[in-house]
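Okay, so subunit A shows up in both of these, paired with subunit B first and subunit C after.
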Partner chain A sequence: MKRIRSLAAVAVLSIVILFLIASHAGTPVLYNPESDAVTPYHTNPAALEKVSGDNAERLLPIMSDLLNTPGTLVLNLKYNDLDLASKDLAKYRELTRSIDNLVINLDMSGTEVEQFQKMNQKNLQILSELFNETSRFEELRTLEIRYKDENDPAILTSITYEGQSLRNRVRQLYNEYQLQEEPLVEVSSDFELNTTHYEESQTDFAEIVRTVEQVQTQRTNELQSLPGSASNHGTLGISVTPSEGIYNTVLMISGLYSGADTGHTQVEIFIDSEKEAEIITDLNGYYQYSYTLRDMPEGLHTLFAVAETSVYSDITGFNVKPLDTKLTLLPPERSGGKYICSGSFTGVSGEPLTNTALQVVTDKKIRINAVTDGKGNYSAPVALTPGIHTIQAVFQNRLLPLSPAESEIYTINVTRSTELLTPDGSSDTDPVTLLIVVVIIGASVAASVFYLRRRKGLQDRRTTRIPETRDTSDTGRDSSAPAAAGDEESRDAPLPAFEDQENALDIFEHLKTHDFMAAAHGLFVTLRNNISVRLSLEHSESLTPRELCTKSRDFSFYSNLKRFIRRYEIVRYSGTLPSADDRDELGSAFSATSGDLEDEHEKSG
Partner chain B sequence: MKSPVSWITGSLMFLVIILLAFHLSATNLEYSRYNPSWNGTSAFFSYLDETGGYTEIRDIRDIVPYNNSVLLIIAPNGGFSSDEIQNYRRYIEQGNTLVIADDKGKSNSLLEGIGSTIRVIPGNLTSIERVYDDSTSVLAFPATDDPHFSDNGQILLNKPAYTAGGVPLFTTSLLSWIDRNGNGRPDPHEELGRYPVLTTERKGKGTLYVLSDPAVFINGMWQGGSGPGNADLITDFTGSGRPVLVDQVHGETGSADGFIHLINFIKDSILLRLAGVLLVAGCAGCIFIIKRKMVD
Partner chain C sequence: MMKKRIAVLALIIWLVLIIAFMVLARTLDLEIFFVLWLIGILIIIELVSDASSVPGYLRYLRYVIAAGVIIFGAIVALKIMEILNR
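This part shows the complex of A and B:
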């Protein structure tokens, strides 16, 4: 029972050790520099990975280029060299992309570098628009010359109105560009960057605005003095109420057409020179159109109408103000291997902002698009790898009259265990590790089976062998004793009992002259077997001479056995050949012990 | 004739004694010259040995006789007495060079005492300009026309502090900051800017250098882990042919524990050294007498 418990304990321990080894089998390094890589004073460079310094080295030169490029771009626009300006703009876009990437790669979000990057992004938008508006303004100048020659007042009116719209836009862009100057110069000076070219671009931009205004003023004056500009077909009035609004404000655009055919005349309404609607006047020549302020940037916008009879209204406009917004993000919830990020996007007073695109940003890098529903709510699934991540919802769209907004930031620690299951529920464990574990367990089981079967076979064979052969635990030479005796039948003899003692003495007498060592051992084995049977000792083959002696302490044959063992140990372990007297003494001690055993047996019998 | 077993046992015991001696003669104390692992300075001291040698200063009074030498205090542990400060002051003013490498600000009392305007400001100096994937492996660049240092390449620092006052010789790049919250990235309240890391000042006839990172001397940085200019910088300090002194009283390079501490303690005292010699001689005499009696 005790033996089974020991075996079970060893088996359990072995399995535990195997599992411990298997868990580290994929990374068999016992020590590496990472083990003690960090102290409060320094970090072991050997434990760190080298990084390319290219990104950091590029950052300041790129920032410098970003400050210089607007200078040449605006200068080329001032001199109407649109080809060169186009190339400058492409370069500026490329540089802006580079700094965007660097801010992400160098994890510089929230720093002055990011401020610089954002201000440059806005400058790029302003200058891109300026390029488009300037190009269009130049086209209008060409068209104006052509239609002046043709003396077509309707077209010239249209050109003048569009020019007016462009003038408003260019002026608006300049105001925005001016607002950028002070903070950008301040940030740049912190990085010891030269802002001369950028500051010159402000001056050049102002000159462009002046030129556009001069041209437009002259154009308007010329239109008014143009013979035949007052249409023979009548007049077209236009008004807008209110003249100022925010996101979702409904403007009422209306007017009266008076002319030859006032009723059921088609009128086209233009906002920022883009046709917005076609409507038909009523019988009295009155028209009305509701316009909701949504997809347009903040600022001044031009408005005019044209009747189908080429009668133009005066040019008017309205102002769009930005609406302050509020963006919320609920704590992300894990669902099916992803985190669901949801929240709402509203105006400050709680009115929902519907069908508006915003972004969920993880680690200030990865952006996932989401669109608000009819109630201003949004939801976006985000996949996260193990590690610590930040999640935030952001809104920024300068093409809408909505102020930028950011939600609160959530930090999520995604552990390996939570990532162990993939969204479909399957295991994500490394297949190599699994294979190693399976191979180790398989090999262990196979080895165990092989060992147990082999052991069983050995035990089967041992039960059929003579005592000398079974006794292999004492010395390696035990098995030679019966062979030396030359008695082949004795190999298969049953366990010797008291009646074998004479046979043992015969063998001893026969062997003691030429292999005394084997002869003495034969006597010991015979005694050990007989005593083991007599005293019902377990595992008798493993008993040493002294153990046998100790176990016999309380019996009558003890004193003779002790005498035998003392001489036997001298013969067995000293390595010297005993004298003739010692040999005889060993034989007589054996006989005396055997006699005592016999007496003991008879007494108990 | 001894048996083979005796020979084998003797050899094994000899090996064990040698290993024990190696073990006892090493330590894992930060910056210790007896520490052969990455955070010790044993390689730097071997370098000094190979390039003209050095003198360990175990009593500050020993520096006073010099007038054209270099004294290194690497990772000072503070505790400067007023007498010692006076000796340092005399030492530098009579034409020597004092190099202090400190990132904990423990040399500030000494700097103040010798009349220097330089101070070491402890802080988690961090930079985008780095060599390793660790924001505290900061690169610094020459910021001077001084020909001794302007030709050096970038030096790599390891969790450095920065200095204030004096004339900066090396500064970090503009993309550096004090990472107060330790998140490894610049936050809005952590201003980017250049931070001086090696500063100099003339005092009397001598020169003072303050380096805000003693880690440039550790084995991990010395053995292939440093920047291109680190070796040049150390050569600038120690390779001028002048005697090199290393302060083992206040520098943590002299820190030792256990067996080494005992040996150093004995080495530092003439009386104890004498007692040690007498003890060894007495033991040897006793063994000789006992053996003689046994033979008789």
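This part shows the complex of A and C:
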């Protein structure tokens, strides 16, 4: 009764434990510092220790370098040393990449370090562009000298106009760079960083702008005073309405060509010195072209036209203002093994922004590109591993006149079960993965079956070759043992009874060549019966060889019995066939023990 | 009987060691715990089981181990799916 109770208690306890374990099977990581945060506002500092150790020490020197490098870069641009400037720019790019990685590794999102990193990214973009514009401006200077010598007013006009475009761009860049100064210096002072070089770079940048403007003004004046600049082929007018706009605004560019042959003249329109369109004037020399503001950064842009007769229009321009945008992200939905992130990208007044590239960012690290469709909607599949993730849609493109936008952030807890199964519970993995899984599970099932069979085989092997004897007294454990496998002769032959010691030895001699196991067992049973009678032992059938030996410890036949039992165990349990000497030794040990038993009996009698 | 006690004691020590190291590493993972338990029990059974006889308390444990091997295969399969889904 007591045993049943304890078994029931163990069973109930086991079921409770199994239930508790099963409830955590979906997310087997019960605890780790990363999963410790119960709210997004709490981070276990222990989780940061692994990465923060060396990295935190590297942070301040990198920040200091990031403040110093623009100083030398802009200084080299000021002195037109483009080779050194190129090296500085590469170094600046490398440092920016380092701080990007550190901000991710140290999980410093939302901190001043992240602000510093973002401002540096923008500075890098501005300075990269400044490098390109300055290089092109230098090229124009070389071309200008060459074509001045050749006295080619058409080319010089083209150079001047392109220079004008570059001047606008450099000025625009300077304005952006200036806006960065105050917040960056403020953040840097919080870290007690020296900003002298960075502030000097602002001054040098201003000097670059001044130099470019001086050169460009001089170039324009020289063009106007150039003999033969007024073309003999006529004049070309140009105007643009409206003169400023935002994203998707349609500008009307028009003008009149007057000259000797005004009708059906080809006119090329250049925006920022790049050819935008070729149009043909009407019979009166009038041309018109509508241009939609899309793929261009905010700021001033130059515009001019050239007739096929190399007649240049005056240079004019238009201003592009940034459009405030709104980016939404719907709650991500699970589909096809991934999370579908969709939403819309519009202007503040709701007009859709079509064919625009944006990014879906998971955990502030991995970026997946998405493009808006004709209605301003976008959709991107995101693969997530088990754990807690954040998802956000982000738009930032300085080359478009659209203000940066970020959607709301969603936090998703991906458990293993949700990762591997669809909501309806069906597996949605590809066939190859499924095949691999089936193979692995099949292999594990085969391994467990093999294990079971192997252990069963071991038991079988251990219990084989223990033949049944006709000894009716030996009905204990051994009587249930199967007959020796493959030993047909011993199975068929009738086993003799070991009635007395003489008889037992005869039978042993007879059997030992055919079935030694059975013969040895017969001797043991004979001895066990005799000793049990002599010592009045109860339940003699259940005595093991060692138990028999222990019980005979105080008698004179003990030493010979021990000798017999030692050999008997080897023969009986090792499963190997003993040598001829061992067989004889077993027989002699039996005889000696029997002799001692007789003597013991006579003494007591 | 002695062997049985030693086996139980060895298994308990092994499991306590695993838990202790998991606590030190600040990560409690059921999967790792299960796999290490399986390894431990396999080794202990191989050491405890006699060359000549199989005690009663070990006879049915082999079914538990066989089930453990299948669960181990399932864990491996899940891990592979997890890696392939990345």
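Methods note: the second predicted complex is superposed on the first by the 367 of 605 C-alpha atoms of A that agree within 3 Å, B and C clash if a C-alpha of one lies under 4 Å from a C-alpha of the other, contacts with A are read in each partner's own complex, and residues count from 1 in each chain.
Simple rule for what comes next: a residue touches a chain if its C-beta (ideal position, glycine included) is under 8 Å from a C-beta of that chain, and two chains touch if they have at least 3 such contacts.
Here the structure is a predicted model, which is why all the values come from computation and not from measurement.
In the superposition on chain A, contact of A:10 is made with neither subunit B nor subunit C. Of the two partner chains placed by the overlay, only subunit B lies in contact with A:111; subunit C stays clear of it. By the touch criterion defined above, A:435 lies against neither subunit B nor subunit C after alignment on the C-alpha atoms of chain A. Of the two partner chains placed by the overlay, only subunit C lies in contact with A:385; subunit B stays clear of it. In the superposed model, A:409 lies in contact with neither subunit B nor subunit C. Look at A:445: by the touch rule set out above, it reaches subunit C but stays clear of subunit B.
More residues of subunit A are touched by C (comparison of subunit B with subunit C). Using the contact criterion defined above for the overlaid structures, shared-chain residue A:192 touches subunit B, although it does not reach subunit C. In the superposition on chain A, the residues of subunit A contacted by subunit B and by subunit C overlap at 33, 46. The residues of subunit C lying in touch with subunit A in their complex are 26-31, 49, 51-54, 62-63, 65-67, 69-70, 72-74, 76-78, 80-82, 84-86. Against subunit C, the residues of subunit A that register as touching in their complex are 21, 24-25, 28-33, 46, 337, 383, 385-386, 416, 419-420, 429, 433, 436-437, 440-441, 443-445, 447-449, 451-452, 455, 458-459, 462, 573-574.
The touching residues of subunit A, counted against subunit B in their complex, run 33, 39, 41-46, 48-51, 53, 55-57, 59-60, 106-113, 190-192. Residues of subunit B that touch subunit A in their complex: 30-31, 38-39, 75, 103, 128-134, 136-137, 139, 158-159, 173-175, 177, 184-188, 190-193, 215, 218, 220-221, 224-226.
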